[in-house]
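Chain naming follows the written order as A, B and C, and within any one chain the residues start at number 1.
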């Protein structure tokens, strides 16, 4: 039984997020970077760009393109995974890119590429949504103009109950998994997928539950970005003369 | 007509800065009557109600007329490829570097500018469709043969504390050196070797010290400078 | 602001070389000085072993995973050791996405050889059912930030991860194997480390940073085991070394390896 006394396998209530922290700017070479820890998930994201694109014929004349690579290191999962990209990683690279694209003002940098590299160091379910949450922080860290941050979380169904922020066990043995990504201020969904089965009612309530989680994660993203610059901002305010 | 943040606050992409009737300036976009930040940066509320956001990390996009400090990245047959600290590498054509025509079949361009050389150049063309074009034919432009090259985050100084840029002129005359501040975040300092490190110290203060009362301190420090 | 860079009429290499002739490097280190080294283990708790190494600004992560498998036909009573290193584009603008290239492969093989020659991981102790079931120990190494000398950083990450790794205890019962919940230490009997030198002009420096690697003519790496013996050597790039240079480097590598090894030993 996954659900006992209303609590989940890891002791959380159905609407509880895993403990989440985000560190900004940990990689020196990257233009922007972020490390997210969400429960046992540990994911590092590097953003390079906007930068020149080779081969040049891939460039678009009126806007930048985003290239995204989602990859799991072999020791990120209990059974060692081969380092070569799997079909799942290829699909996730695409949906993550498509979740971030609506937020980035690509028209500011024609003929360039913005490269997003995601390495999952440890995986415990919900890595695509955690990656999106971290990637949008890394994009903001890189000074790239965005309409909004992108925040994501997965909602699932376990023993008939809708739960927020699925971990791996719940994803594997539950009855449904629905990752959602949004631009929270604009109220726009940029990623929505599902497997398992949901009634229409469950789907609606699931979206509401996802939005609750997204609102909380949004605050964590904002805090992490502000922390990096809070002392500089303080100095600037005092030094203005 | 509320503004939701104080001038000088940190704002993030997506933050609604204000609602009502203001003027969206750099780094701010307007949808309906909401003004939204595009960057992670500092909010500036201008006197005429202009709202702008200065990003902490500035990505340099060239504009015609900009003076930039570039590094030669590659040498071709009739042009050089120049790194101007931008997503857009620039091109310096032979015709914009030398006043007299030369026979490219007989002469190697490396004799004039080689990989790694530093130049002060002006942007003469840029329309996003092709690489930005530079010239070094005007006065005060050209290869920098000796000196120091520094890189910094330019926008904070240009936008937040313009008064500091005027201080640079004072430093130049006091320490008898030449300082060229490129729009692309690079600065070259030329002058007597023994003075260069003192110049670097002052520049670090100008570009990096924003603590309370710093501008006054820097002004005093510069006024006391002696050759 | 970046450190002020001296503009000179000629290329950066000349600046580096003129500093070297005065016994100085661009980051103010001595010629035989390593950058600051930090090693954190167990950074990926679910891996059997893991380590994050920071050597100056170079950052590398390594993970160890033990997987049950069949022994290789030529060594039926031994476990297997497989090292895989990747220079991913996340770590540097100069790394391109794609399958492992010759540099990734060289790095993997140098780390593998060093561990193997030093008999660091005791493969004989990893045979569970001789001839049938053995542990395959996978060491996966990923560069996270490239600021030079990925070889030494990767070697340190690999040995630190292996040294602190714990694998499940196994019980052989009749025809089958039972994997227990208890863990035992991965049998590591030696702590080899590598010391890499770069030759720039006629000067030889240890632990080259990225800028030094851009102008180096050749590179040589020595793997040294706990007894101070040389267990691996790898010369790289187009340049050459004299016999005298190579012997001096080997001797210096033996000295410097002790400090590096001390840091690893303290991890347990």
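Please note the rule applied: a residue touches a chain if its C-beta (ideal position, glycine included) is under 8 Å from a C-beta of that chain, and two chains touch if they have at least 3 such contacts.
Just so it is clear, the model here is predicted, and its values are computed rather than measured.
Novice: Of all the chains shown, whose C-alpha centre falls nearest the centre of every protein C-alpha atom combined?
Specialist: A
Novice: For the chain pair with the highest number of C-beta contact pairs, give its two chain identifiers.
Specialist: Greatest count of contact pairs is found between chains A-B.
Novice: Which integer distance in Å separates the CA centroid of chain A from that of chain C?
Specialist: Going by mean C-alpha positions, chain A sits 32 Å from chain C.
Novice: So, what's the distance in Å between the C-alpha centres of chain C and chain B?
Specialist: 41
Novice: When you check chain A against every other chain, which residues touch at least two of them?
Specialist: 51
Novice: Flag every residue of chain B that touches chain A in the complex, lowest number first.
Specialist: 8-10, 12-16, 27, 29, 36, 38-40, 42, 55-59, 61, 87-89, 128-129, 156, 160-161, 163, 209-216
Novice: Any idea which chain C residues touch chain A in the complex?
Specialist: Of all residues in chain C, those touching chain A are 43-48, 50, 57, 59, 61, 63-65, 67, 84, 86, 88-93, 97, 99-100, 138, 140, 142, 144-147.
Novice: What residues on chain A touch chain B, complex-wise?
Specialist: Chain A residues touching chain B: 31-32, 49-52, 61-62, 103, 105, 108-112, 140-149, 183-186, 222, 225-226, 229-230, 232-233, 235-241.
Novice: Quick check: in the complex, which residue numbers of chain A touch chain C?
Specialist: Touch list, chain A to chain C: 27-30, 40, 42, 44, 46, 48, 51, 69, 71, 73-80, 83-84, 115, 117, 119, 121-122, 124.
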